[in-house]
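Here come two complexes built around chain A, the first alongside chain B, the second alongside chain C.
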Partner chain A sequence: MSLKDILSPLSAWRNITREPVTIKDPLNDRPGAPRYRGFHKNDIEKCIGCGTCETICENEAIDLVEVASINAKNGDSGLRPLVDYGRCCWCALCVDVCTTGSLTMSNEYTWVSNNPEDFRYIPGVDKKSWDDSELGWKKPDYDLIPAGRIDMEELKPADREGTFLEIVRGYSRAQAEKEADRCTECGLCISACPAHMDIPGYIKAVREGNMEEGLRLLYETNPLPEMCGRVCTHKCEEVCAVGHSGDPLAIRWLKRYIADQVPFEEYKRILGIQEIEGNGKKVGIIGAGPSGLSAAYYLRIRGFEVSIYEAKSKGGGMTMYGIPKYRLPINMLDSEIGFLEEIGVKFEYETRVGEDISFDDIYTKHDAVFIGIGFEKPYKINIEGENMPGSLQAISFLDDINKDKTVDVGKTVAVIGGGNVAMDAARVSKRLGAEVIMLYRRRVEDMPADQEEIHGAYEEGVQIYQQTIPVELIPDEKGKVKAIKYLKAEMVADDKGGRPRPVPIEGSETILEIDTLIGAIGQEADYSFLPEKYSDSIQTDRGRMIVNENNQTNLEKVFAGGDAVNRTADAISAIADGHRAANGIEKLLLG
Partner chain B sequence: MDNFKSTEDIINYAIQSEQEAHDFYMELSELVKFNELKIILKQFAAEELGHKQKLSRIIVSADQIGLTQESVLDMKMSDYHVDIIPKKDMTYQDLLTIAMKKEKGAFKLYTDLANKITDQNIKEIFLGLAQEEAKHKLRFEIEYDEYILKDN
Partner chain C sequence: MKDIIENIQTKFSISEVTKQRDNQYFISVEKKDAVQVVTYLKDIEKFSNFILLTAVDWIEKGQFQLTYLLSDPINKLDIGVRTFIERENATMDSAHHLWEHTATFQRELKEMFGIDFPGSPRVDEPFLLEGWDNIPPMRREFDTKKYSEETYFPRPGRTTNDPAEHMKKKLYPNEKK
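Showing the complex of A and B:
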């Protein structure tokens, strides 16, 4: 050992008289930098409990937990993030990825407590002194999740006249995978979907290029994915977490992408349906619409002998006869229904219950009955002259068009109504070369039609006359429609908080010359097939059958679903009804 | 209706009209399918009976039988809707249309009768009853607007 080694440590003694540099003022906190990543804050009203923060946290420092004061609702899981500061590394990825921007960090970094449990808390719920601090880390300007969705190629509006070619072209593999990449797998969409489809699961399958897995997941809750991938009302997209800071995921188009990729011949193998062993129970289904087809699929794969009685010559219900081909090509539906036939569902087409076979017969021949009759009877407008030639009902008009019948609508068409059926009638008339005017009692913003339908109608040149009430059809000398008389309406606020009421303005009569009137104010169920001994037992509410959680009516062996039961008037709710009823029938008959 | 000799005649005529309306709804309730419609029609019938009872109590003034003169919104649906003939397979739409028309008729009846009455007290009672009928009509119009014209 050298002398230097002995003396060197002593040199530290020269610092003993120097002023300390680390703690000048030990009684006061030293503030963090304005954008310091300190303890978390959360705007719990803005937060939707999507859990993206929990998913991205590498340290598993975040758990989504229930909060007594917050209830789950559509688009909000009701959960809120709890942060464990024993694990948190303050990287702020949770803030950067937050879909709503509710999660932020204060610039507070010192906090003393003897209780270790204090360092696990729910920001925004467990109140902290830094909750109101403006300083700290916030979501940056850039997006970890791309805000814009991948555009879908569409037929240009100018090219749509005179053709029923499908408007939407569908995603390529690269486009689908890129769009699927935007999904955070939060699952809020699952509860919003009436059929509770495993949306994050099948989107992940798209991302991984595993179409067979995607198809299996689709069929777990929906046996009509080709159809739904095109015309679903996509309530899932309304709650998509990504939609809070950009476009919601194109969930419907991704579903369509999977269904488009797998050939129907492969379905049985992929879905693992080989020989079905019968369980000896028979179920009769009235109506081959989405609810009936859905019930049929889930019953058949569980061994039930299923017969569907359908008045028309094809299945699909309103989706086959009411939705124009530019939205849903018929061959898609034919293939999906063909698959049901392939697995052993029996279809009795052109068999109208009440005429070709009695309800009594069906009731006695089967162990259970499912009524999925839909709303096929149009409401009449109930104005003078409605029955004259040239006055059509949208349902039969669209049916004729889908059957390739020639319908001469003339040069000017007036469509009454503001729902999706009215939009279909208007857009089809436009394709037939007519000038189309929609008369709607309320304002465009009150229309129940999907936004994309209203947008499409405008794009194609349909005119919408708002606040107009049709009062009379005027005939020409041959008794055919020549004009429609309508009144202009003012919107009067509803004292009880309902939607404003259109009230006709005295003296505002206007005559509009037209060649064809198409009524599309709504539909109702036709129960003429149902003998009174059954109809007296089945409870209804304003014409819709009342069912329990298994879609069972008051009659033990009679189940029901679709438009004649639910108020949502969409295919996906009907599909969900069919699935629930299949579960209920299984429970009833097999225990 | 033009041959009334006294106010009492007018009141009796109105009472008879309410009884006829009650009977009409009761007959309809026997005609329709589904218990829901039967129950609704029986409710309508009971309301008409209520009117009849109010008329029977016309002795003093409008205040005592709880009538108001407030103006009631008129959506005028029954003005341009065509008549519906009652039938067995009647739907909810048919039923509401019939009810709206019936209430409109009752409103007009009471207004006309009020014009024939010289006694100011009783005149006010009839105008009050007309307003009651207008309220009933509005109730059916709103129901029609909400459930039948949902897409319009």
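Showing the complex of A and C:
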């Protein structure tokens, strides 16, 4: 043994005064790094239960479970993620993909419990000490789901004057597939759609390039996809999970893409309705609008003999006569209606019920009747001079334009109203070369019109005078419209908690010189075709027929749908009404 | 650091140089040169510290990519040496004679990817996976989900819900197609 071997242990003593490098209380003194991926946190108010976290989890560590305090509602499934820490590998993909950014991770990583069940919990619901921790992993600033929608090619605003060419060009295959690729298939959109279309299903079909499957899925719940793919109010896009952190999926354009790809001649084969075996029952439908056409399709494919009575010379209802061609080319609707004719739906055009045929006649001839008459009669603006020449109603104005009639609106047009019909009237007048001013009594943000319509109107140079109340039309020496007098209004908060009301400001009269006034403040149903013995039995509430969950009225064999029934007053709700009524009629007549 | 790279280039053929930071470079070399380059870096260029050896499975190319990560702790420089080897019967020269602990990394790669390092001490002994009876689990053809479904039991009473189905049940249960 050398001297060194004896002395070296003693040299260790020199370390006795050194600061130790170890930590005294590692559980408390050693916090995770600021971006550490520790236990999950979830802002349950922000979370919408889309389940994208569950889908991405490689370890199947996440289950979506019901939470007592949260109910399913539009845009929120009411479910919340439960994390199993026996499976979680802390990769944080769930946080990175979270569509709302509600799911994050704390930097807490130590937790002791004797009960293994404790390690399965619902972040945000089951309270934990790290719920308020500021530090930890958060969604990084790149997106696993591309935030931007694939741009839709559109006719430039400057090129729109003087033409009714369709504005939206439609997606190419590459564009559609790329857009479809952004869908997480969460399905929150399905319940937001009045017709509950299988949206994730048909988007998947786009992604896989399977147009036939796509068309089948569309027709399961909607026999007018060409039309809806263009003008639907797309409630689905409002709740799209992806829309919480970027643009919502272009669901409507993808639907249009499918419908555009498949030629109408192929429909029968793809939808499997080559031969229809009749069941001997007859159904009469009043009105060839979206609700009537939808009811007709679902009844016809189940073997009913279906006749549609339509006052006008073409089908489509308001979508045919009210929607300008730059949003919906007429041949699209014609082809969809043509397909219904092909499968055996009979159309009696230019047959106004109550004039050309009595309701009684239809009622007795058929085993069931569906009323889809829509809101045809425009409301009057109720101002002095309303009936003078140069004062028009938007509905008939749009109808004339779609029929290619020449309408001279002059140089300046005032449109009264703030709904989609008002927007259509304004944008059509603009195309006729007029200066267009919209008078709306509330603010732009209160307008019931779709955002994109308002945006389109602005783009095309329509001016919107908000908080203006028309009071009088002033005629020229020939008795034709020369000017409109209006009052400015201030918005007054409603004591009862409703939306603010416009109240005219005294002495604010303004005169605006115009050539044409177009009224578009809403429409109502015209029930004059119903003889008393029926109109007494069919209950209505503020102009709308009251129906049960099968869209059945008080009269057992009379069903109804569309604008004259539902409050949403859009095509897709009408289509859903028609479908429900068809199911109801089938149940009534076939059991 | 640039001059070091230039020095290596005069002695070995390097197919790619990637500058990650001023003091961190990656170079790609052929399989036959890889251990020689590492030796050169250790003995001549003062990269005295071996940090790690790791692999990536490029199944589409039929290759594994190996990366030797070395550092020079005095000048605070890092260098990664990358090389591709054939995936089938994957074999690589051992580097355990340079640093003893390299053997541990090589043993791990043998177990996880099936890459052999003949002559490396205890290279055939299990590293983490005692009693493993399947293909090396880091190979991309290994189906983790299938393996776990066959091997482990699902937790009893575990349930999940599809958001769309759940919303139908809650919001419009009577609607049919």
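Remarks
Following the convention adopted for this analysis, the second predicted complex is superposed on the first by the 561 of 591 C-alpha atoms of A that agree within 3 Å, B and C clash if a C-alpha of one lies under 4 Å from a C-alpha of the other, contacts with A are read in each partner's own complex, and residues count from 1 in each chain.
The rule is short, and it goes like this: contacts are C-beta pairs under 8 Å (C-beta built on N, C-alpha and C of every residue); 3 or more make two chains touch, one makes a residue touch a chain.
These numbers were taken from a predicted model, which means no experiment stands behind them.
Once the complexes are laid over each other on chain A, chain B and chain C both fit without any clash.
Contacts of A:Asp541 after superposition: chain B is touched, whereas chain C is not reached.
A simple residue count on chain A separates chain B from chain C, and the partner touching more is B.
By the touch criterion defined above, A:Asp84 reaches chain C but does not reach chain B. Look at A:Tyr379: by the touch rule set out above, it reaches chain B but stays clear of chain C. Rounded to the nearest 10, the angle at the Cα centre of chain A between chain B and chain C in the chain-A superposition is 150°. By the touch criterion defined above, A:Asp360 lies against neither chain B nor chain C after alignment on the C-alpha atoms of chain A. Once the two complexes are overlaid on the shared chain, A:Gly498 sits against chain B while remaining clear of chain C.
Look at A:Gly419: by the touch rule set out above, it reaches chain B but stays clear of chain C.
Annotation: superposed on chain A, chain B and chain C show a minimal Cα-Cα gap of 27 Å. Residue overlap on chain A between the chain B contacts of one complex and the chain C contacts of the other is empty.
The residues of chain B lying in touch with chain A in their complex are 33-36, 73-76, 79-82, 84, 89, 91-93, 97, 142, 145-152.
By the touch rule above, chain A contacts chain C in their complex via residues 49-51, 54, 58, 63-66, 71-73, 77-79, 84, 186-188, 190-191, 196, 200, 220-221, 549, 580, 583. Taken together, the chain C residues at the contact with chain A in this complex read 144, 155, 158-168, 170-172, 174-177. Looking at the complex, you find that chain A touches chain B at residues 377, 379-380, 382-384, 386, 416-419, 421-422, 440-441, 448, 469, 471-472, 492, 494, 498, 501-504, 520-522, 524, 527-528, 530, 532, 535-536, 538-543.
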